[in-house]
Amino acid sequence: MSIISTLEQITDRHHVYPFLVPAQAPKLDVSHNVLLYLEDITVSFDGFKAINNLNMYINDGELRCIIGPNGAGKTTMMDIITGKTQPDSGSAWFGQTINLLEMDEPAIAQAGIGRKFQKPTVFEELSVWENLELAMAGNRNVWSILNARLNSEQSAMLLETIELIGLQANTQMLAGRLSHGQKQWLEIGMLLMQKPRLLLVDEPVAGMTHQEMDRTAELLISLAGRHSVVVVEHDMDFVRNLAGKDRTVTVLHQGSVLSEGTMSKVQQDPKVVEVYLGE
Amino acid sequence: MLKIEGLNQFYGQSHTLWDVDLHVQEGQCTVLMGRNGVGKTTLLQCIMGHQAVKSGSMMLDGADLLKASVEQRPRMGIGYVPQGRQIFPLLSVEENLQIGLPVRARNDRKIPDYIFDLFPVLAEMMHRRGGDLSGGQQQQLAIGRALVVNPKLLILDEPTEGIQPNVVTEIGDIICKLNREMGLTVLLVEQKLPFARKVGDHFCLLDRGRNVAGGEIATLDDELVKKYLTV
Amino acid sequence: MRLLNILKNDRGGQIMMLVLLIMAILVPIFNLMVPENHPLHVPTYTVTLMGKYLTLALLAVAVDLVWGYLGILTLGHGAFFALGGYAMGMYLMRQIGDRGVYGNPELPDFMVFLDWKELPWFWQGFDQFWFAAIMIMLVPGLLAFIFGWLAFRSRVSGVYLSIITQAMTYALMLAFYRNEMGFGGNNGLTDFKDLVGFSLQEDTTRIALFVLSAVALAIGYLICRYLMNSRLGRVCIAVRDSESRARFMGYRVENVKLWIFVISAMLAGVAGALYVPQVGIINPNEFSPINSIEIVVWVAVGGRATLYGAVIGALLINYAKTYFTAELPEVWLFALGGIFVLVTLLLPKGVTGLIAGLKRHKEVPA
Amino acid sequence: MTVNFRTLHRYLLSCIVIFFLMSAGFSMAGTAPNAKLDEVSRLLMSKTFDDKSRALDVLVEQSQPRTAELLHLLLDSRLYYHKKEKQLYIIADYDTGKIAIDLAGAEQLIKKKRDYKKIILNNNLRGQINRILAELGLNSNDPQQRENAVRDLLKDITPDTVLALKARFTIEESKKVREMIRIALAINDMKSSDEVLISNAIEQLNGSLEQESRGALVTFIDATETLDTPEASALNKQAQIALKGIEDKVQYYGWLETLYFGLSLGSVLVLAGIGLAITFGVMGVINMAHGELIMIGAYTTYVIQLLMPNHIEWSILVAIPAAFLVSGLVGIAIERGVIRFLYGRPLETLLATFGISLILQQAVRSIFSPLNRSVETPEWMSGLIQINPVFSLTLSRLYIIVFCLMVFVALLLVLKKTALGLQVRAVSQNRAMARAMGVRSNRVDALTFGLGSGVAGIAGVALSQLTNVGPNMGQAYIIDSFMVVVFGGVGNLWGTLVAGLTLGVANKVLEPWAGAVLAKVLMLIFIILFIQKRPRGLFPQRGRAAEG
Amino acid sequence: ALAEETIKVGILHSLSGTMAISETTLKDTMLMLIEEQNAKGGLLGKKLEAVVVDPASNWPLFAEKARELVSKDKVDAVFGCWTSVSRKSVLPVFEETNSLLFYPVQYEGEESSKNVFYTGAAPNQQAIPAVDYLMAQGVERWVLAGTDYVYPRTTNKILEAYLKLKGVAAEDIMINYTPFGHSDWQSIVSDIKKFGSTGKKAAVVSTINGDANVPFYKELGSQGVAASDIPVVAFSVGEEELSGIDTGPLVGHLAAWNYFMSVDSEANDEFIDAWHKYTKNEDRVTNDPMEAHYLGFNMWVKAVTKAGTTDPAAVQEAIIGVAVPNLTGGYATMMPNHHITKPVLIGEIQDDGQFAVVWNTAGTVAGDAWSDFLEGSKDLISDWRAPLSCGNYNVKTAKCSGQNF
């Protein structure tokens, strides 16, 4: 920017600097019934294209499974949606009005996108209870968190969630001391507390027993409808369970969509069998 | 080959492992199973020396493991694939593999080629930072890395976690191959029953830090599964 | 009652408050009422010394707030302390009025003999106590705000942040050493005469300063404790643990950091302002990076993220310094250095860790 | 390009002189006492400097064969007199020597040192002696010496010198010396009133970087400024063009000089920081005792010099490995004794090493006293490479730049090409896993910390050549070291190198413009702002892992 | 009861931190002087007892320790401080408690306290004579190089005024300030070289302090600035500092002091011998601030004897006019402005690390608390005798300002 235009800007009393605009996302608009648009997204790292011209649309209330070989770019895709990674090109919209690429992580999270990480990440030095409390939906500006107190309704909700994730015995335990699987559960619990409009769940059942997987699947299915859920998982039993007969499954490969459709359709796709399913 | 008896372990005040026994026979593949948080990882960490042991004995081929320091254990022939991969994030794939080289015999300090045959993706990504790999790629790297030390006992903590199905199958095959063809003894923690059934010879069930069952994999029946593996 | 609630689960804090209260009552009595040669008499020398320790304890609390709870290893907090001190020093200098050696009613002595013709603009207003009092909080707060705004927004963290805080205080030190800056250069500001009309040489003034320091420490402590008891406190710990995770949860990490940092800087400023009249001098050396490192060391010795640990650490180390420099003048650095090494090795959680055992205070869910 | 080993050459010369004197002395012992020499002696023994100056005049008038020798003795303060005997003596080594030789060559045992008083010179006398020697040097056999002599004479050209120079010019063979004489004569001609002569002289001075050439031109321009005859203004113009040419050249060399100063300051920063780049950057230990490890290296240099007082020339070369060892061992001791209990608690290492740094400082104070120690610079490291009269490279700095680069390359090789380098990075990233892969982390830690500390020690050797060797020297470098390492990007050796050199050069570019203090303040502000732009330094660790 | 048997003397010198380099020696000097005095039978029939504390080069700590010495240890006099700021820091303490401080270091002047005795040089006892000497040697261009703090600033201000008075043009004066501990002198030395190569003879007047000197002189040496071309005259470089430098390349550079170890006098020989014996080290050097302590201590002893008590008020009165022999063969007298008379010597550095005196004032010079060359202080005089009893009496306005005791 030239000095003159800067000067003009400074003297222009009507000019509003970007940093003065409150970081309030516009209202979510899902009038077209599509919650998330990813269009022509490309990302490369040191020349390696991790995401290549990716297009994907998630409907409001949809439960979408995403599968694909290791390194296909699934996690990277979530990184882009949540603002961790900036794509080289393309666009990402949340509803009709919210441009995700212009927002940073907290703004995106506040707009209603929650995420569970592939490697379980919880606040290790806070207790299970506190982890969940912090995740709880609510106003996140400094003043309100300073004054925030749990009301009985919220406490009840917390207790309910703890029960759901099976950590009743560990409420006061530091999250860092949980086992791997327990951390997975805790993270799911945190995601629930956050009440996001869109849940991005990266390999939720890694390290869980079969039965736990079923429970998780149930949980996720029950969330769908009110929320949109995107699940990445390699466990085919789990994915089958989730996808049921008519839900869409997307297969990513080398950064773009290889195949999309119902589980049975995808399973039959020879390309998918070749690069992913095997046998 | 590995013989653990009466092992007790504490995290601070909390008693995590209670008189655990574990026998791993030479050339066999033993699967360690149990729900989340029962102490499987902890047990493996005890074997690797990452956790201090309160009481009990632990012998590898007649040598007392408890007396060996952590860094001696790989030299005694243990390869370890930890839960959560534990890749060195800032080292390249190649360097991650090279770390184990000094453990190998003096005249053979080079990464064995069969590792790249097993995991072609590693050869592809040779110069990428380990931390940049995708979760599944890291898992493959972790297994490859453990093989570099030429182990006679390979310990794997949920190795199929986060890996695409065809590779899971492959890993299963590889474990079988290593186990059956190359005579490698394997100790495996696994949650996925079919996989366990496919590769395992023996099993050992833990519940809340205690042995509850064990034996030939064939004897792992639905009742046991229901009792100890479901919630 | 609300106040006591703040300390509900804070055993250390309760004890500390009690001790402060007792001291604030007894010390003046023993100093003013008990005759000089009575064994219980507390000499003014000791009072001032204790007053100084208390201001340093407040400084340590301020550092613990950002380091202990937020994980920002600040190696430049001495700068805020010194700025508060300078604001107070400037007020005290203006109070001298025409009683300086040159008898100039406007200009402090050092300006007269360096041939300054008029008072620089930034010295204006410091003849008013209220103005100085505002500046004591405002200047450090503003610097912290600007610095933090830049740094936290661009996500500078870890050692990078530590080192630029160090660079900040180092730059300020060099700048204040310059005589052209108009802060008295190396000699700094000295020879204070009185504070809001009370002579600094009077015992009563010193007592008052001591009590004021105790009150400031108590209030500062309560503020910090209140902050950390709130959900904000837990967010701080979350940020310390995993900044990016907190962001993905929708917390504006930079704002949390910024405000805590600013509050901490203001507390440090107040500490500095109370420190200066009690020691009688403020000089750029207070900006020296080593000083700031030392503050961190006090906190570490006392025990991080406990607040009262910071108080204990500051008192302990500073008392040790006073004691050793008089008793072992030739080798006291061995003793002090030895303490640091031993504390780290033997008491990983600091002195308070030893006292509290491994028990961790937890708020019981409501 | 001429190498100017000033002191070395003086030293050699005086050795020769002494030898001369001793051999000549015997032959002279028998001759009749030289009255003039007595007068010189008497004047030299006088308390006033005026008398001594007269003594020199007498010496020159007489053009004694021994004039040069005596002058050199005086300059090197080897000439003494006996308080009571009132006689001159030559004492080669006053501190430890036992023998005094009188001018006739007779030796005598020194019984009481305090009886012998040195003949003290002041700066004026030294100047006078140098001038005399320069004139004598005009006829020396060494062309280099002749050139220096002419250069000395430039400073003040008298009709006498002009004659001497002209005489020399006719027989001079060396091209360089002839050129020098030409310039001298041209400077002289600038004072004449003959236009052709002046014009030629200006032509001659064009491009000459000698200080005096510029002076002559400036004087001439000033003097002719007000004259408005066409000839004068033409000449004035010509002189101005010549001056402009010279000044452009001078400015160009000025930039080169600034660059050189910057690089040398930068390499000092790099040297100071590079050990920390290992202990802090690679291992993650916030090593507040780093400065003290540098200090230990510097003291090692001092001790080595004490141990080999007769081989100062070599002491530095011995000191480098010695300092590496000593500091390295201290480092290993620190690591084994304290730091190894603190892995995984990086912040605590700050506390412990801070304590250690206090202890080391005080230890040095107790052992060596709080005073600074004097470390001598060997002859081969002192002096300068005179590229031209306005640009020269100080040798010691040059060595340090080279040394810095060597250390850097060596370290780079160790970290990149050896197993140790790989292992230490693995250990610092995931200690438990590294051990599970068979890495002997204890050994690796100790060796690496030892390596970083040893390199700090080496830096101490270099710094001992430039600055104080005292208990506080560590404190002076610790802050800068951290700045350099962090600015470059933690864990990246290249970063440290580039950061150090950049900061050095930038500082030197700013310094003339802002002054030393402000320049430093500006550098710090620059670092702060730079880190805003690149929150992980110049060469950041990239990738998923680093982003956390 | 035991405490009354001895007379306590406080020693307030930094034994750690940046100033330990200079101050530790002074602590030893004081201990030696006290030991000698005790050997002579003490004072007023009592033994002297030294109380040593370490203010650790930390200015607020100086004030704290001063108060500790005076109020807790109840010492009768304190000998100490080196830097101006440490003196400024303790000054209010001594005034408040009305006790005595003997300050042994050359300083910028502009101060005269009832409770402080300045036994080091004031600017008129060091700087001005040095410049006079150089001027006589034909120096026409002047570099005033100093560390950026009050002493160099004031000294240079005085010198600048003085030089201009003597007709030196402004462009012939170059003033340069550097931070404490400045270690990279390349550019500055190069500038000095350029400044000095215009044909007119140039000299550097250095008020560079402490640790910055070694790298400065090393750089002079390596850039080949010889004393015969551009001499440097320093006011803070003495034998002690030289012992940390390789003096080979520095021969001929100058220093102005009131005492040099090389001075040829009986008192000096004795003092040096005593010092060597006390430190058990033949190589230890003596320097000017040591002499200042020697003088201050002897003056105090004499004044106490004269007053018959150690009571500060009595000693303050008794000490004015007291004269004791100095180490250069003359006498030092305590003046009414609490400064003393001193000879001024100029010495040239020799290759053995000593100075050879090349010039000295005919008699002694009385220290001037307020410079005659500074605007604000021209009109001030100091006289602690009744009836004036004022450290900064303004002869124009006939007022005495700023005393609250």
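Structural remarks
Just so it is clear, A, B, C, D and E label the chains in written order, and each chain counts residues from 1 on its own.
The definition used in the following text is that contacts are C-beta pairs under 8 Å (C-beta built on N, C-alpha and C of every residue); 3 or more make two chains touch, one makes a residue touch a chain.
According to UniProt, the chain labels map to these proteins: A = Urea transport system ATP-binding protein; B = Amino acid/amide ABC transporter ATP-binding protein 2, HAAT family; C = Amino acid/amide ABC transporter membrane protein 2, HAAT family; D = Amino acid/amide ABC transporter membrane protein 1, HAAT family.
Bear in mind that the values here come from a model prediction, so they are computed numbers and not experimental data.
The fewest steps needed to get from chain B to chain D, moving only between touching chains, is 1.
Located most centrally within the structure is C, per distance between chain CA means and the overall CA mean.
One inter-chain figure worth recording: chain C and chain D are separated by 44 Å, centre to centre, where each centre is the mean of the chain's CA atoms. With centres set at the average Cα position, the gap from chain B to chain C is 53 Å. With centres set at the average Cα position, the gap from chain A to chain D is 63 Å.
Touching of two or more other chains is recorded for residues 132 of chain B.
Within chain E, residues 15-16, 148, 177, 179 each touch two or more of the remaining chains.
Across the assembly, chain D contributes residues 361-362, 365, 475, 517, 520, 543, 547 that each touch 2 or more other chains.
Those residues of chain D whose C-beta lies close enough to touch chain B in the complex are 419, 422-423, 425-426, 429-430, 432-441, 491, 541-546.
Residues 48-50, 70-75, 80, 82, 86, 88-91, 95, 98-103, 129-132, 145, 148-149 of chain B are the ones that touch chain D when the two sit in their complex. Contact residues of chain D toward chain E in the complex are 4, 6-7, 49, 77, 94-95, 118, 120-124, 126-127, 130, 155, 211-212, 215, 257-258, 261, 264-265, 268, 361-362, 365, 369-377, 382-384, 392, 394-397, 465-472, 475-476, 507-508, 511-512, 515-517, 520.
Across the complex, chain D is touched by residues 15-18, 20-21, 24-25, 137-138, 148, 176-179, 181-184, 186-188, 190-191, 197-199, 211, 214-215, 218-219, 221-224, 227-228, 231, 240-241, 243-249, 251-252, 254, 348, 350-353, 356, 358 of chain E. Residues 73, 147, 150-151, 154-157, 159-160, 163-164, 166-168, 170-171, 174-175, 177-178, 242-244, 289-290, 293-294, 296-297, 300-301, 304, 330-331, 333-334, 336-341, 343-345, 348 of chain C are the ones that touch chain D when the two sit in their complex.
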